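Structures for review follow.
There are two complexes below, and they share chain A, which is joined by chain B in the first and by chain C in the second.
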Partner chain A sequence: MSDRQEIIRELAREALAEGRVDYFLGWGQGYDASQNIPVFVREVTDVDRLQWNPLCHHNLTVFLKRKMPDPPDARIGVCVKGCDSRTLVALLQEGLVDRDRLYIVGVPCDGVVDRRKIDREFTGEVIGIEFTGDKVLARTAQGDSKEFDRTSLLLDQCGGCHYPNPRVADDIAGDTVPEPEGEPQWPSLAEFEALSPGDKAATLAAAFSTCIRCFACIHVCPVCYCWDQCVNRSRTPALVSQRVEKGENLMFQLVHMFHVAGRCPSCGACDRACPVEIPLYLLHEKMNKELYDMLRFEAGVDLEGKPVLQAFSLDDPFGEG
Partner chain B sequence: MTVVASSQQTQEAGSAALAEGAGPARPIKVVAILCNWCSYAGADGAGTARLVQPYGFRVVRVPCTGRVDPLLVLKAFEKGADGVLISGCHPGDCHYSEGNYYARRKFELLRRMVPHLGIEPERFRYTWVSASEAARWQEVVTTFLAGVAALGPREGRAL
Partner chain C sequence: MKFLQESDLPAFLEHLSAEANVIAPTDVEGLVQFRPWTAGTDVELDTLLSRQSAKEFIFPQWEPFLKYRYLMVCDAKRPGTAEEAKLELRLTDEGEGGGEVVAVSDPPAHELVMVGAEDSATPQVIFGLRPCDARGFVQMDRVFGGYGGFYFDPYYNSRRSLATLLVVTCHQPRSTCFCRGVGGGPAGSEGADALFTRIPDGFVAKALTTKGAKALEFPGFVDASEAAAHAAEEAKAAAEEMVSVPFELEGLREALRASFESVDWRELSRRCISCGTCTYVCPNCYCFNVTDEAVETQGERLRCWDNCFNPSYTLEASGHNPRDVKSNRFRNRFNHKFWYYPEKYDSLLCSGCGRCITYCPTRIDIREVLGVMGSGVAESDAAPSGRSESAAVGEAAVGEAAVGEAALGEKAAGDGEESA
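Right after this comes the complex of A and B.
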């Protein structure tokens, strides 16, 4: 793990020193040793702020959709994990970022730790998390500490990950990791899918009634990019009003889901950004599962591909006669 | 447009259901989204030919099924529709050549998502009816409304 960190720092140092990039986007430590935040490195002397550990969950490609136009000629270095690289591919497929201005450092990923799973194990405030091999040692400000297996703390979507290695990269930080074989699985959906229609509605109503419409899920989504024209903010057409109510809250999320359909690889950034922990995966993972079932389509896997709802085939096997 | 139920008819349906004591207090509400070039003309033809059709559905005429955003369907459900039916030109017959090819992928994804939102699958259907298929329109709308009526108005909905 720290090998990868050294390689990331070295690649960033070279790129900055040679003037190949104006700034480098990576992960770094947040306010304490239990937090990880996106870091913009602009000076060679700052590259040691870059980190790599299983807390590096941020999908940094979200900054590209904002930063690519401004400043207009900036050359950007960016670190991507497997899932991040798929959103980057989705952006590249649509010509929304300029490949020539990007320096992509791919980071093969062993799975990202869910910070919330650690928090739930303690009553106090977690201020330090250390990684040693497959063990995770967490400690709190109150002096409490516990050791966990890393695999037990991974994000739910990491369990079904088929693409831990970057799909697009200029340089790879360290050795690639083995990719699982076989069909993609969506184990996290099974429980919900087994419910009756009434129970599904009740579950969704309860889950989505807590939405505060903070737009965090939308702002953090790399492939949701209608910044100033978002229909969720629009009064005409009024798909969603100001009324905070479970139906409109669900509608709000469905706007996001359908607008990224065919481009969302379920990186889970929206799930992690949600301050009220709405299970957004129920929507985007289901959408991806159905798209796979329909067309064997997976978003952001192939640079030459096209987002599935922006294309068609005369032989599409569905539709009633 | 002859197939659009008048409010009086809707009221009658409601009171008939009440009188029987078996049905729900309000009649079902169904939105039918029809493309201008095929299905709307087909439905119009069914009216002109005086084919018997159920009432209780509202027709929304759109230029092409390719124009139909899946979110419009979900918004209809959110606004209280008990069923949504989309019908357009048969694939290959689109007035704009390829609108319904795009639409068909979107609708298929939507059809698979609708049950996931706690809405019975019978409440959503997409199909193709050409301008000359008045009889087929009659069959489509009759079976669809019968299916929705059997489920009754939606209750305890999330959307």
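Right after this comes the complex of A and C.
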């Protein structure tokens, strides 16, 4: 892991020193050693702020979507994990990002640790997380500490990840990791899919009753870029009510799910940004499973491809099937 | 000073619920939020802060102001309806500027039902707020309560006046707490009707208002022993010790004024995704929007929370948006809390709970942003004065960590951030 970190820093240093990028976008430490944040490096002397460890969950391609690059014509160096690279591919497929202004550093990924799983193991405030090999040591402000196996803390979606290596990159930070063979699996959906229709509805209603409509989920989503034109906020037409209640909240999220279908690789950025921990990722995972089952489609895996809802083929199945 | 056994807490809340809705922090599958309390529900006080403050119980996320219904519908496809409605256009009496054309209908074409402020006002007792949460209500009172005589919000005040705030002092402040930095403290009593302090076997409680005294009439309260009172004071002092003061308040307002354009807000806001999480978890933020929502022939006028990071927050009907870029919206949040509001109400619009830090998807740290302001930022030569708020801020060639240092490098300004 630290090897990859060194490579990221070196690649960033070179790109900045040679003037190939205006700034380099990577991951770094937040306000304490348990927090990870997106870091914008503009100076060669700052590259040591860049980090790579299993807390680097941010999908940095959100800062490439429409109206985010600042200035709009900035030349940007950006780090992408496998799932992040798929949202970047989706943006490139739609011609929404200028490939020529990007320097992409692909980071093969062994899985990202779910910070909330660690929080749940303690009553105090977790302020430090360290990684040694496959072990994770977490400690709290109150002096408690516990060691975990890294694999036991991974995000649920990492379990079904089919593309841990970047799908598009100019340089790769270290060796690629083995990719699982065979058909994609959707382990995180098993529980939900086993429910009766009534129980599914009840599960969704309960999950969405806590939504506070802060819109973190859509703002943090790289392939959701309508900003002030978002239908979830629009008054004309007023398709989604501003009444914050479970039915309307679910409606809002279903709109998001359908609008990003075909471009969303279920990276889970929405889920991790949600301040009330709604398992949003499952909605998108479900859509992706449907798309795969019906059309053998996977979002953002092929630069030459198209988002499925923007392509029409006479071979598309109609109706059931 | 009174004392309540920990085991008597449910009975106390039960007692209160005879005359009021009781609201308390509860743990629902790991998520602690203020929720209506019913007998048998555990009150979660081990978690220092609920995800949101109890703001929504006084200032709900949405509420109707009025409801309307059209009684007559003119529909070309339904013969007779236009005649039924007897709609006419008439010219009113000619005045100096000429008459006015109005639509007159007989019988009335629509029905309007105002939702009275008293309709949603029921007595509430909110138990388990932290001092920062209670202070949030005090800041909102100034806005909604007619301070200075501008505006009195009957909806807010009808609920506020019937609410009793029973505050529990903080036991183990989080690293992100900075109440002391903004003039409060983990045992602060501003806004509280009674202050409870947890000691090993119960609560030491002190009534601060008549509403608080009434709540403490519950027979389970006994006079606190000297030892209990002493333990409470020690607990408060220990908590006080744990909260840091991360930035200098003195001169902050002036520093913000000075740094309106000289500080590189674009750099500070780089990792902001322009969502509204910080404002919706904030106990102080009070911005709202009013919108009409109609389904076929009936509808409602709703007030709902809004936030200054919303790209359409300042969007005008003309299409012009005075805060059209993220960095301008970002700057507004800090300026509003520590400059504009203080200028008007002589108080800060922040009580230091730190929720905006903890729940920000990219962990933007208000302490760091204000620390930059407080670090004696010199006016940069690069920053022209007197530009409109939407003008691009001069971009300084510095990394985030170095922003705000007096000797900012210069880079050509005007590589405008695209509006969003």
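The definition used in the following text is that the second predicted complex is superposed on the first by the 313 of 321 C-alpha atoms of A that agree within 3 Å, B and C clash if a C-alpha of one lies under 4 Å from a C-alpha of the other, contacts with A are read in each partner's own complex, and residues count from 1 in each chain.
The rule we apply is simple: contacts are C-beta pairs under 8 Å (C-beta built on N, C-alpha and C of every residue); 3 or more make two chains touch, one makes a residue touch a chain.
Being a predicted model, the structure only gives us computed values, none of them experimental.
> Go through the superposed model and pick first if A:200 touches only chain B, second if only chain C, both, or neither.
It touches chain B, and chain C stays clear.
> Touch test for A:14: chain B only (first), chain C only (second), both, or neither?
Neither: A:14 stays clear of chain B and chain C.
> I'd like to know which partner A:246 touches here: chain B for first, chain C for second, both or neither.
In the superposition, A:246 contacts chain B only.
> Now for A:290: first (chain B), second (chain C), both, or neither, which partner does it touch?
first
> Taking the superposition on A as described, I'd like to know which of chain B and chain C A:219 touches: first, second, both or neither.
second
> Looking only at chain A, is it chain B or chain C that touches more of its residues?
Touching more of chain A: C.
> After superposition on the shared chain, which partner residues are touched by A:170: those of chain B (first), chain C (second), both, or neither?
Neither chain B nor chain C is touched by A:170.
> Between chain B and chain C, whom does A:110 touch in the aligned arrangement: first, second, both, or neither?
After superposition on chain A, A:110 lies in contact with neither partner.
> Is A:312 contacted by the first partner chain B, the second partner chain C, both or neither?
first
> With the two structures laid over each other on chain A, which partner does A:255 touch: chain B (first), chain C (second), both, or neither?
first
> Over in the complex, which chain C residues touch chain A? Could you list them?
The touching residues are 28, 30-31, 33, 46, 51-52, 61-62, 172, 174-176, 266-267, 270-271, 273-277, 279-281, 289, 291, 293-294, 302, 304-305, 307, 310-312, 315, 321, 326-327, 357, 359, 361-363, 365, 368, 397-401, 415-420.
> For a test of understanding, state which residues of chain A touch chain C in their complex under the given definition.
Its residues touching chain C are 30-32, 35, 37-43, 45-46, 49, 58, 62-63, 66-73, 120, 123-125, 127, 141-142, 210, 212-216, 218-220, 227-228, 233, 235, 238, 241-244, 272-273, 275-277.
> Show me the residue ranges of chain B that touch chain A in the complex, using the header's touch definition.
69-71, 74-75, 78, 90-92, 98, 101-102, 104-109, 112-113, 115-120, 125-128, 156-159
> What part of chain A is in contact with chain B in the complex they form?
Residues of chain A touching chain B: 192-193, 197-205, 208, 231, 239, 246-248, 250-251, 254-255, 258, 261, 282-283, 286-287, 290-291, 293-295, 308-309, 312-314, 316, 318-321.
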